[in-house]
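The data blocks that follow each hold one structure.
Paired with chain B in one complex and with chain C in the other, chain A is shared by the two complexes that follow.
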Partner chain A sequence: MANTKTVILKIKRQDNPNAKSHWEEFELAWHPGMNVISSMMEIARNPVTRDGKATTPITYDSNCLEEVCGSCAMLINGRARMACSALIDKLEQPIRLEPFTKFPVIRDLAVDRSVLFENLKTVKAWVPIDGTYDLGSGPRISPEEQEAAYPLSRCISCCCCMEACPQFNDDTGFVGAATISQVRLFNTHPTGAALKRERLAALIGDGGIQECGYAQNCVEVCPKDIPLTQSISEVGGEVIRQAVGDLFRK
Partner chain B sequence: MAATASPVAPVPVKGGVAPLRAGQGYSFWLRRLHSLTGIVPVGAFLFEHILISNASAIGGPIAYARQVRFLASLPLVPILELFGIWLPILFHALYGFYIWYRGETNVGEYPWTGNWMYAAQRWTGGIAFAYILWHTWTMRFTGIDLHEFPGASFGKVQSEVFQTPLFLFYVVGLIAASWHFAYGIWLFCAKWGIVSGEQARKRFLILCLAFFFVLTGVGLASLTSFRSHALQPTDSAGASMVEAGPGTTN
Partner chain C sequence: MASSPKIIVIGGGLAGLSAVIKIAEMGGHVDLFSIVPVKRSHSVCAQGGINAAKNLKGEGDSTWKHFDDTIYGGDFLANQPPVKAMCEAAPGIIDLLDRMGVPFNRTPEGLLDFRRFGGTLYNRTAFAGATTGQQLLYALDEQVRRYESEGKVKKYEHWEFLSAVLDSNKICRGICAMDLRSMEVRTFPADAIIIATGGNGAIFGKSTNSVVCTGSAQSALYQQGCFYGNGEFIQVHPTCIPGEDKLRLMSESARGEGGRVWVPKTPGDNRDPLSIPQSERWYFLEEWYPKYGNLVPRDIATRAIFKVVFEHNLGIDGKPMVYLDLTHIDPKILDRKLEGILEIYEKFVGDDPRKVPMKIFPGMHYTMGGLWIDFNQATNIPGIYAAGECEYQYHGANRLGANSLVSCIFGGFVAGPAAVQYARNLQTAPGNGHFDAERKHQEENNSMLMKSDGKENPFRLWQEFGELMTANCTVIRYNNKLKETDSKLCEMLERFRHINLNDRTQWANTSVVFTRQLYNMLQLGRVIAQGAAMRNESRGAHYKPDFPERDDKNWLKTTKAYFAPDADEPKFEFEAVDISLIPPRPRKYDAVK
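Take a look at the complex of A and B:
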């Protein structure tokens, strides 16, 4: 019953943030339903390269394994996507796995994506409900508003939209689509709107919404199908209205 | 004492894209000014130049001379040229090159339409600017002064258009500038939140595409009309004859 069909993976590895990267090739026995994460689990069980050299298991971030946590984003055959939902049978072989190129590598495929967390903090991507007393129940949200907000709330902070964006790089320090879309989400929330002015003002700073070049890779690459370009358009309109308005009001 | 120490020393990671700099810099205004100058006055000038002034060449040398005389008769022409055309184009072009330089075009990895258009917007801008520099130099700053002798306009354009390589350069410049403007209108409306919805942006893109064909079509018709008429004089004496009306020219 020898199954001769195999899967070949080429993985870009790096021992630590300062080390040089190198490629390692692995060959695994094929079986149905494999995905990139399960393949790396198999490598961890038997960390031997294709040419028989013993090596270490691959380091990568992952958690939910069902495309809702956003941890396992990486470059698969050159493109940013989630490893858990990348089915081996649908990928061209040899499958190339690389860490994101615009985020500092910690080790192998694990990268430091804290820039998104910093950006979310800067735009106050939350609903302010903390008080010293019971604030009571919030305002009602109509089904229409809920339906518009839900797709935006699906963001899993995977950073695929930022990695694929030609404008997100060291020169621009662009904030990226995910943060802009979260601004839209929290600005449309009736309680979250309390911080609307501050959020829009933050996006005017260097690296703000103006750096968008509308290449629209973000919306193509987003694993959660978030209408990111629409968010950029709508927030872009609100930002310019507030900025120009403040020229006269302030 | 040691209560603040984290249980595991964080991996020292350096580099990566800088987070959003809220409240810092004025790149927002420069970028939005770049966007605005592309529409007004640069785009508005292109509209006039192709669809009104150059289109008058279809009516023949006399109609063309009349249009040039009208433009030359506008009050404060040097001021209009400087602040309405040259400085805005120069700013739009130079800041555009700066934007181009800072972006990382990645159509190889992400070959989607929007991304190709992102790249095309940079290339068409560069080609159009090279063409405009040459075109302004030969038509406005060298050879016979058309503001003084509008009658020589048709002949002066003919002296270039009848040379096939220059004719082709005209066609390339026309297509590049028309595309850059037409898609630029679409980008402007998307970025400023004027057309934000996905369906709306798709519909508007068709409109902008149609506008591109109108610009290119009228431009080509004007260009061929220069080639289909007999050679007109390019000297001051001949210019007065053209302006004097029919019967004095061949």
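Take a look at the complex of A and C:
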């Protein structure tokens, strides 16, 4: 791609949640180091389509521009990924940009992903500390435990794993891989484990962990390489053990 | 006043969330406003770590030494009592974060590990890989989510603070904010408000900051009567990766873990860096600053790089760049301690920094200046508090690496309880009319923009503005250039009246939102340029070749800018710095201090 003099972007646009979507095409002069966000910044500086029609700047979410805030997720050439780290030179042209399909569109490429934050409430994704007053240092944690927890804790809540998951849809009401992986993170923390039963209970039944068909799409798209299928099988095992145990206790 | 105070917190970075947690814990109710979902705040970008003198390495570190390093690093411009309080609180803050589940790196015994950062000789920086800010922010975000599910906190995400609502006695009674989706402008009453809106990198166009770090809220408050302190102190980070859309940071931790900065000794030497023998490399920081080496404070390292590149003409490929080299370090150690930042370099540049030296250059990174506050985080307008990068209190003329995160959390922990205390003693307002008046005023601003049909594209104007500020108001400053900058800013404010929005829809209109911010950025740009022009000395990050020495006799003072509405420009007054604990001494990193 590096020798083409221009970059062509096809962007799916939608004025508001109820409007119909349409495509617009843009052609930009190529220069080194471009990524999808910097291209959209350029469009904002000169909002004219490829066929010369004046249009509006693209609405999209972004903040950190270094793939750590989780804002800029979208479909790029059909794949769920972060726009800020999508280098133009590594993409096939024309580059197609579309909003996620499984979340309500706000406008253009911006969608409403608040469902993930709601899910995190449901599974109590926090360490239940007594208070912020001085209670001395935390529990001892070995380097091995830290090295297991840290990768899980790098989830940026981008929702790529949910967009790519065949089971994540209105019919199943599936919570998705990110939430399950957070359950694993907090259940393995010495203090966080206090809420383990409640977290697992929240994953039992419709929309819970059983919906997962182990299609592994989630792992493939996760920009932070989080071992999601491992989290799912580990948490899945515990959910079953808890459910069976409860059955016998009844 | 009501027994359960109602506080509005604006901003959900480390500072805002820290305040929220304290208020909720004290039984107050919080409305939390943020442009982005709080979990996506700029604090997630912080890489290297957070300072606290826990002295777990048997080095004899102490909170007093942390205090002294911070004051000395800040070239004696910070008021000393609050800095001392922060350094004393820091070890407790680390313990708390540890209890909240932050996956800090550990020693074999299971204790917290610490590394070295710039401007100190001690291993004082706790870290979680190279994504410390992300990990800290998540821990606080999780605690706030817990309070949210208990009904103590209500979040307004995708809402932007526009202005404070002041009553006829100039007491703050709430805020005016805009829903960034419906574009609705609304007012919200509160007993007190806390501003925690972060940095202002966007004033410099490209910086290491996130997109929403515009300083717009701070500027709006300055225009409403808040003092703005030490605006001219802007930190340029020595090691950034130049990019199309932003300057990505290569954290100081890379040098903390042994990274070395060098250039080839001969100009124009374009050999593969790995083939250049040691004897033909110039490790200029190590040579000039044998004691601190690569870990001199940022202002010093940045000026050294400028000197090597622009005076000695030794920039790599003839460009303003130098090498930051990690290739001599065991890749396994690099992965364990620095993976997050190595990944950034790999992803955005395409080279593996374990194998090839990185090419880096200084970039705008942090503002030491911000809303003026007292030792209780209160601004000069009753009922308005501030915490985090948006205020000026803790870093003097130059911030030390890994001190911001601790100042954000500490500031939030002070501001929250102070606001609750204030709210408990608050008298009722003399009327309610000011709410409607403020809302109408802001609605008019919006409709003026919507109607404006000039030719200026706001995003292009921003680009020009950023380039101007970067050229004249960063590393090296000359009075004629600063004055020229200010008059260009006046021209830009004039051009702003002929803005063309391109987008006039009433739904999720990012052009209107950005254009409003741009106006506030331009106003704050003048505070920075004029403040810098006035200060005829060199101190910390503020460097004037025509006045190369620090001048304590005339300039050991806090700059306080205030807005003169009739003249539509900044006015200045100066305040003595509280130096009651450590007498100022010359700041020299080439010698033992």
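We adopt the following convention: the second predicted complex is superposed on the first by the 237 of 250 C-alpha atoms of A that agree within 3 Å, B and C clash if a C-alpha of one lies under 4 Å from a C-alpha of the other, contacts with A are read in each partner's own complex, and residues count from 1 in each chain.
Convention: contacts are C-beta pairs under 8 Å (C-beta built on N, C-alpha and C of every residue); 3 or more make two chains touch, one makes a residue touch a chain.
Just so it is clear, the model here is predicted, and its values are computed rather than measured.
Would you check which partner chain A:P47 touches, where first means chain B only, second means chain C only, and both and neither mean what they say?
So A:P47 only meets chain C here.
Is A:N169 touching anything from chain B or chain C once the two structures are fitted on A? First, second, both or neither.
A:N169: touches chain B, not chain C.
Quick one: is A:V221 in contact with chain B, with chain C, with both, or with neither? Answer first, second, both or neither.
The answer is first: A:V221 touches chain B but not chain C.
Just checking: does A:P99 make contact with chain B only, chain C only, both, or neither of them? Give me first, second, both or neither.
neither
Touch test for A:D15: chain B only (first), chain C only (second), both, or neither?
After superposing on A, A:D15 lies in contact with chain C but is clear of chain B.
Would you please give the residues of chain A that touch chain B in one complex and also touch chain C in the other complex?
Comparing the two interfaces on chain A, one with chain B and one with chain C, the shared residues are 16, 106-107.
For a test of understanding, state which residues of chain A touch chain B in their complex under the given definition.
Counting only chain A, the residues touching chain B are 16-17, 78-79, 102-104, 106-107, 112, 115, 118-119, 122-123, 162, 164, 166-175, 179, 201-217, 220-221, 227, 229-230, 232-241, 243.
In the complex of these two chains, what residues of chain B are touching chain A?
Those residues of chain B that touch chain A are 11-25, 27-29, 31-32, 99, 101-106, 108-110, 112-115, 117-118, 121, 187, 190-198, 201.
Once bound in the complex, which stretches of chain A touch chain C?
15-16, 31, 33-35, 37-38, 41, 44-47, 54-57, 59, 61-71, 84-85, 87, 106-107, 110, 114, 117, 120-121, 124-129, 131-132, 134-143, 145-147, 149-150, 153-154, 156-157, 186, 189, 191-192
Sort out for me which residues of chain C touch chain A in the complex.
So the residues of chain C in touch with chain A come to 21-22, 25, 36-37, 39-42, 44-45, 92, 95-96, 98-101, 103-112, 128-129, 131, 134-135, 138-139, 142-143, 145-146, 148-149, 157, 181, 210-212, 243-246, 248, 336, 340, 344, 347-348, 350, 413, 457, 459-460, 463, 502-503, 505, 507-511.
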